[in-house]
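This is the structure I have questions about; it appears just below.
Note that the chains are named A, B, C and D in the order they appear, and that numbering of residues resets to 1 at the start of each chain.
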């Protein structure tokens, strides 16, 4: 238990989540599950960026009522900002995908992706 | 005011996009509003190009005291979001604004029978914002954000005709593809950020060390942008999306595709330009993708019966020419003698082909939209004898078809000539494929022409007449541009294309923010 | 402003092209003018002669778009069979192709070949 | 699915959630949070109100609320605040900070208990983003609610 596995644990989880996400997109037949797969992918990428931003012994960059020892040890919050932006975008993408899914169900009567392929060839 | 141009390029279409929903049911007014806003951006982009071509790279740092303050005092790394506009960006910006303008004019009549137009125009301008942001930005994360904006706006427009199930299907396909591609772009950005602690494109490019992790990031970026620009075999979303989108959106959507191509070039030339050994490998990957894209695209187009789907496959096939041209240039980028001999011209051919293709393929897709508007069908088997009913559409189609097949004196000829001659120097086999593709392109457009426009007049189309004026104006503008660019290729090449190519080749200029640091 | 575009091993000049166009137009007209002058429009001559049978309706004699290049497509049947099998229209395949190609490109880039 | 449990919980929780959302928006420049997060919290309060009521009532209520206009207002306000920076500086430059206007008091350096009247354009941007996000998310929830909430065999 020399800590290296704990340092790398977030990245292992990221890899597992990426694999799970791609598996869900690539092999599940339900359209809603495909959407969920994309959400898993997004979670993996967000987690990757947040894990990159972790600095051991650093403090959150909030000056309001910070503990005195935090001065000079605050971390740059760029990764958190990136993650937040990507979450915002993810919300929009998910909402639009689900709206499409509703509309597809209305017109096709199914959410099976092997049947939603009038456009091909 | 000139130094604020890059910010205004984004702010003005955003303003237009956010005011458009306030128009509610006043559809005529909102269409005119969109035409005005996109027209202003055309003027701005021309001004921007003039500034950049004469004055070199333009940097705009957001939130700083002055636009060129890249490194605030006490910092050795850039910390703010910045736009970095070189000639290549300006070139793409002109294409984007021009095509949004044309699309807005065309839409004035083409979608007048639909509802929810205030959202349609808001999304059109948002799509323009996404494209402009992608091509102007100098920040990797910003690139991701604008890629997503363009992807969301584009797929919402693809699914705009929500009373058609196929439109929703195409929309979700496009959205899934663009969501996965942009997430992988974000992943690659995360990899690069983790190593270099910065998101600025120029800063990372200066410090990138080409270890294995970097190359994984490069591979992710390359594949994602290749998928978004429709390279075979990741092109399946292109025909779906282009077919179902209203024809007025086709021009901006085409440019959105080529904004990804621009990002691909930017990543290969600027971000990873200093890698010496592998660049030839990257160039070969790009050329081979290009040849595959050309050939499979055109052979699939030959068997299509839906007129817009046929043209979408041609859009894929023409993307191959650009990949081939620029790929040939990339292969010899670190070999100065070969670069001067044919590499620079190959890249000029590829880059020139972008704007040529945007013009004539928009024209062709618009004529297909006009056919759909007039006859209510896109199936070629049901059409026939329309040449007498719709003369202007027919002539526009002929000009577009001649241009895409590379017949002189239309604009496709000049860029294809450059690509043929230069790819022959690298490997004659590439040229053979390019020429066969060109012949097959002509063949399939002869098919469209023969079956839709020629032949005896059919009884069911007796009451068909020419499409309304705004659609004709849009088509005639593009047809005129086709002839103009074909007769005077020098004009465009010297003023726009060669500066853009030189901007791509001289990555050192980009890395130092145009000499600011 | 010069009209000539010099490429690595050639040039393109629209004026020269126009001159050649006019030249070949004249040659074409010369050939055309040697044709049979007894052909007249608006007479019985333009009616097709189908062994005395009546002429079918316009809808029937129109060549459908799907039938143009029938021979070409028939000759390349095997190729098209493979190609159309790939274009499934299944959105999951879009992502799987992306994964495969991405793996190949990344493998080549990190120096696997 | 409007059961008594949901209705009772909503009665108690919804006002709290709305107040908390406004708090996060207004304190965005001092504590973690900001426009998007506060707007999302606010919208979740509204979402709770939507699911706790029946369709007719929700429709009647939200016909009067100009969600689209609010969204445009938020975005245009953001752009306007950004464009203020064009007067002499660059786009999005914090021109209001240290100017003495509302939210324009000078910020003390170092660790402090947090003064609400600081932040300059940041506070304004947070408010506008919050407006846009709460309107946008609420309309998303509302649209899905109105589309999906119908009898089973209607499709």
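Note that a contact is a pair of C-beta atoms (placed from the backbone, for glycine too) under 8 Å apart; a residue touches a chain by one contact, two chains touch by 3 or more.
Everything quoted here is computed from the prediction, not taken from an experiment.
Trainee: Return the chain pair with more inter-chain C-beta contacts, choosing between B-D and B-C.
Mentor: B-C
Trainee: Determine the centre-to-centre distance between subunit B and subunit D, using the mean Cα coordinates as centres, and give it in whole Å.
Mentor: Roughly 36 Å separates the two chain centres.
Trainee: Could you work out how far the Cα centre of subunit A sits from that of subunit D, in whole Å?
Mentor: 23
Trainee: Let me have the rounded angstrom distance from the C-alpha centre of subunit C over to the C-alpha centre of subunit D, please.
Mentor: Taking the average C-alpha coordinate of subunit C and of subunit D, the gap between them is 57 Å.
Trainee: For subunit A, give me the residues that contact two or more of the other chains.
Mentor: In subunit A, residues 25, 34, 106, 116-119, 121 touch at least two other chains, as defined above.
Trainee: Two or more other chains touching the same residue: where does that happen in subunit D?
Mentor: none
Trainee: Quick check on subunit B: which residues sit in contact with 2+ other chains?
Mentor: 172-173, 176, 180, 240, 303
Trainee: Chains as vertices, touching pairs as edges: which of line, ring, star, complete or other describes this one?
Mentor: other
Trainee: Which of the residues in subunit A come into contact with subunit B in the complex?
Mentor: 18, 25, 31, 34, 38, 41-42, 45, 48-49, 52, 78-79, 82, 85-86, 89, 92-93, 96-97, 100-101, 103-104, 106-108, 116-119, 121
Trainee: Can you tell me which positions in subunit D touch subunit B when the two form their complex?
Mentor: Residues 68-69, 71-72, 75-76, 79, 82-83, 85-86, 89-94.
Trainee: Which of the residues in subunit C come into contact with subunit B in the complex?
Mentor: 1-5, 7-10, 12, 14, 17-18, 58-59, 61-66, 68-69, 72-73, 76, 79-80, 83-84, 86-87, 89, 91, 93-95, 97-98, 101-102, 105-111
Trainee: For subunit B, which residues count as touching subunit A in their complex?
Mentor: Against subunit A, subunit B makes touches at 141, 144-145, 148, 151-152, 155-156, 159, 162, 164-166, 168-173, 175-176, 179-180, 183, 186-187, 189-190, 193-194, 199, 239-240, 243-244, 303-304.
Trainee: Across the complex, what residues on subunit B touch subunit C?
Mentor: 172-173, 176-177, 180-181, 184, 212, 215-216, 218-220, 222-224, 226-227, 233-234, 236-237, 240, 278, 281-282, 285, 296, 299-300, 302-303, 305, 341-342, 345, 380-381, 383-385, 408-409, 413-414, 417-418, 421-422, 425, 443, 447-448, 450-452, 455-459, 486-491, 493
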